[in-house]
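Take a look at the structures listed below.
Here come two complexes built around chain A, the first alongside chain B, the second alongside chain C.
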Partner chain A sequence: MSSQDMNTPRPAAPPQWTRFPFPETLIRYSALLGVLVFLAWSVHFLNLDLQRVLGAFPRLGAILADRYFPPELGFILDQRFLMSVLNTIQMSILGGAFGVLLAIPLAWFASHNVTLHRWIFYPFGRLSIMGCRAIHETIWTILFVTVIGFGMFAGVLALTMFCIGFAGKLFSDEIEAIDMKPVEALRSTGAGPLQVFVFGVLPQVKIAFVGISIYTWDVAFRAATVVGFFGGGGMGWYLQRATYELQSTRVAAILLTIIALVSISEVVSGWLRQRLAGERLA
Partner chain B sequence: MPVLEVRDLRVRYNNTGPEILRGLDFSVEASDFCAVIGPSGAGKSTLIRCINRLVEPSGGSITLFGEDMLALNARDLRRMRRRIGMIFQEFNLVNRMSVMDNVLSGRLGYTGSLRSVFRLFPREDVEKALELLARVGLSDHVNKRADALSGGQRQRVGIARALMQQPDLLLLDEPTSALDPKISRDVMSLIRDLAREFDVPVLCNIHDVQLATEFCNRIIGLQDGIKKFDGPTETMQKANMEEIYAMEVL
Partner chain C sequence: MAMTGTGKPSGGGATAGGGILSGEAATTYFERRRNDRMRKALIWTGVALVLLWCIQVTIIADTDWERIGGRFGVLGSIGRFLLLDFSLLPHLLVPAIETMMIATLGTILGCFLALPVAWFGARNVTPSLYIFYPIGRFMMVLSRSVHEIIWAILFVGAVGLGALPGILAVAVRSIGFISKITAEAIENIDPKPVEAIRAVGGNQFQVMYYGILPQIMPVVLGTIIFEWDINIRRAAVMGLVGAGGLGLVFFRQMAMFNYGGVTMVLLAILVLIIIGEIVSHYARKAVT
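So, the complex of A and B:
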């Protein structure tokens, strides 16, 4: 911008504006069309028979009524089953705690704005979190069961991996959204990266992290009920056995238990997070 | 010998973008309270932030306390930064932290990593923080959260934090633009008094020319990344002002 520009008389052109500028709009709508075509093609590929889809619901109802009813509620009180429920809760708490503790430093590395080092720690953090997320919790279970054998330890490790992926992503999103002004002020005092993290980042994300941790435990508990199905310990084992032995009414009882417990965990975590939200505004 | 010597300083924010600072030369003496004035977008903030390398210059040299700032590695840069106090337009406090912790964070450059993780500051630091808080008139607010204070009070916390560093140079980026005129004057006087008391040279961006002439002994005028004026406050004429702010019509 020099004073020359200011003095050069420009030919007066009427200002123009359009909501649909030519190349962008074309690209955007073509992409949308492409997605729709792909969806239509996928549905066609499924070979969906509308009659069968609609017929499935009454049939499901009928099967539930005569095979799974009445649920064998007495089984719920079985000593060993109750123990496995307790184990499931323990697994979810351990996996959640380890996962969250490991996720915090990894999320720090994986946050572009405050990472320890942009070319070493940043990709390391990103890849670790991505790797944990990319592999489903049941596959983690199968992997750990293969390596260290059946039981809770494998389950806890699988849940830990799952929680690192789950919480790590949410943590680093939270860190990348912080106000950078205080961070800059701390850097200007000569503070190192760890000090900047402890003084500039943690106070800003502390409450959000607690909320995310509770949410992570909630999701880990849901995952924990399934982990046992693949030999990772906990109540999932009884679900697997009952399923394979075709004890349908027992399966129904176990499923009801899972639904009840997951609902409770959801209510509890929802309540805790709501209380936190109040604190967050304060 | 000047405390700070800047030669042919050039900055661009990205390789293809425009040059924001286009070859600046100036120096700051140990006794200076030097104002940098200029219209919005002239590059005042960019200049101040180059001095402690919050922004990396793309050319030129900065010599501070006799050391070449641009040659320092990360570790030496941190050691240098702790000698430079900085005060910001928007205070840049950690809102969810207490006033005390905000002030103590000025000592981080001198505190070991492990100690600081557990917020174990040496006793002298805590005493010094209390002393400074009393000096800026915040003795009653030590344990309050930073966001419970008014703008003027927050800037006083910012001042105390900068002085905690026992700085050898103060950089101020429009320290009073977010405050009303009366409080602005109070804050500027406080900074001037403290700078004299601790014998620290000051380089200060300022929007308000009135304030600049009132509090500073020297003025540097910037326009579009180029120095248009540099001299004692008394020597600045109306014509100089008009030249510096000529771009304002845009």
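So, the complex of A and C:
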């Protein structure tokens, strides 16, 4: 009798079944209320007119149809513009490659399970990846343009920073999810941290890294189309010129080119990654 | 390389000496391995050649090395950024709050806009596989392939300067990712609850509300929080093309050549991102 009493003290009255028990419901609804209050406050603070919000999309459609509509497709065949498209692709390849190469050691530092030192290298890797990710690629472009000057080098460096942030986060997530047994085996035989990384970690994440690198290139290409807008070279420069000269039909042509190229790059990267996944299974 | 080169023949000798594998199988295995290596070497050589070509065209040929002015020139230009301008600090609070608001409102608006797109673009619930499904897919690609800066320029042209074009640009840019993940989640649901609700006579709305929504809710909420985190950094640059927030302060400081102030703005963005990352970490834990 005593054991049953001690282990399962019966509540005085069986509680009514609710979908969410008491503290959970309170937290849930107060969080929802907080978000709603913040939204209402922001609408008030930013002085937003809801009618303008709703009218924005019809107006955008009207403006696109009115000013941008017959896109000046002849401009796409312009020799210099085609050259800038090629340059954009090259910039994205270079930025992606440099970014991935720099991201691998940083991701090694920034993954908690195999990092060199948890108090020195781990925060360093984390902070540098987060810093690269936090600053938008356009801001990186502006910064590098002030240091290096207009041109594609600034754009490549900006894309590099962007790719470090993008790939570094995915890489370190991947490293943190590895099987730790080979790492322990290597450590127990007296391997140094570099040997552990090269022989214990890299073989496990190699294929995933290649896949992430292809994806990084895809995203870098998308970013490369606009770094030129802030002086980083490539087709963005033509976009900026056409925008500021109010040549809307030309802007439309450039935008269509960007959409087409990004779709192509997405298809290419998807195809490459699918082949890679097939190789992984085989 | 040398290690693997010597290791290969000795390994081959060992299998041949063991006599367990037939000679033919061993040769095909090693042939396959050699072909594989050759192919990999070819791929890597191609990649290296493309990289060298890109370096030649975009960096060596296109850079004005005179203007950079050697190592000291670069260090000097970087040094100008390090003299922090603390007098800017009180002027950063309101733009930082604005940036946060643009990101939040943009994400919420993006969710609402993403709802129909996800509905159209999910193969198993789309109203029409031949009309609405391609439309939904096209909207996803369109939203993702046009950069947020370009969206902002278009919306500044449509609704004028201020925070509104920033919110709209962030919202439209978020549609693609949110609706893509949502559509994938809808496509991967367990069909049994849906069938059960249909079997007891539930209408289309009840099927959606009780059958589909509870299954996709954790994924969708997690995605929205993730997107909000990304949108903070997007909202921070909207000011560059005239849409308010920290980007505008950045642009002004840059135009005034006040590089210390520029660094302060960057630090403010970093603080916002850290706040966003902490909030999204706990929020994602709460919803999943």
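Basically, the second predicted complex is superposed on the first by the 227 of 282 C-alpha atoms of A that agree within 3 Å, B and C clash if a C-alpha of one lies under 4 Å from a C-alpha of the other, contacts with A are read in each partner's own complex, and residues count from 1 in each chain.
Just so it is clear, a contact is a pair of C-beta atoms (placed from the backbone, for glycine too) under 8 Å apart; a residue touches a chain by one contact, two chains touch by 3 or more.
Remember, predicted model here, so these are calculated numbers, not experimental data.
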Can A:Gly233 be said to touch chain B (first), chain C (second), both, or neither?
second
If you stack the two complexes on chain A, which partner ends up touching A:Pro70: first (chain B), second (chain C), both, or neither?
neither
Touched partner set for A:Gly278, first chain B, second chain C, both or neither:
neither
Once the shared chain is lined up, is A:Pro23 touching chain B (first), chain C (second), both, or neither of them?
neither
By the touch definition at the top of the document, which applies to A:Val147: first (chain B), second (chain C), both, or neither?
second
Would you mind checking which one, chain B or chain C, touches more residues on chain A?
C
Which of chain B and chain C A:Phe199 touches, first, second, both or neither
first
Residues of chain A at both interfaces, chain B in one complex, chain C in the other:
none
Chain A - residues contacting chain B, complex
1, 6, 179, 181-182, 184-192, 194-195, 198-200, 203-204, 206
Touching residues of chain A toward chain C in the complex: what are they?
31, 38-39, 42-43, 45-49, 52-53, 55-56, 59-60, 63-64, 87, 90-91, 93-94, 97, 130-131, 133-136, 138-139, 142-143, 146-153, 155-156, 222-223, 225-226, 229-230, 233, 239, 243, 255, 258-259, 262-263, 266
Interface with chain A, chain B side, in the complex: residues 52, 54, 78-86, 88, 90, 92-97, 101, 105-111, 113, 116-117, 158, 161, 165, 171, 224, 250
Residue numbers on chain C that touch chain A, as the complex places them:
50-51, 53-55, 57-59, 62-64, 67-68, 74, 77-78, 81, 97-98, 101-102, 104-105, 108-109, 141-142, 144-147, 149-150, 153-155, 157-159, 162-164, 167-168, 233-234, 236-237, 240, 244, 247, 250, 254, 259, 262, 266, 269-270, 273-274, 277, 286
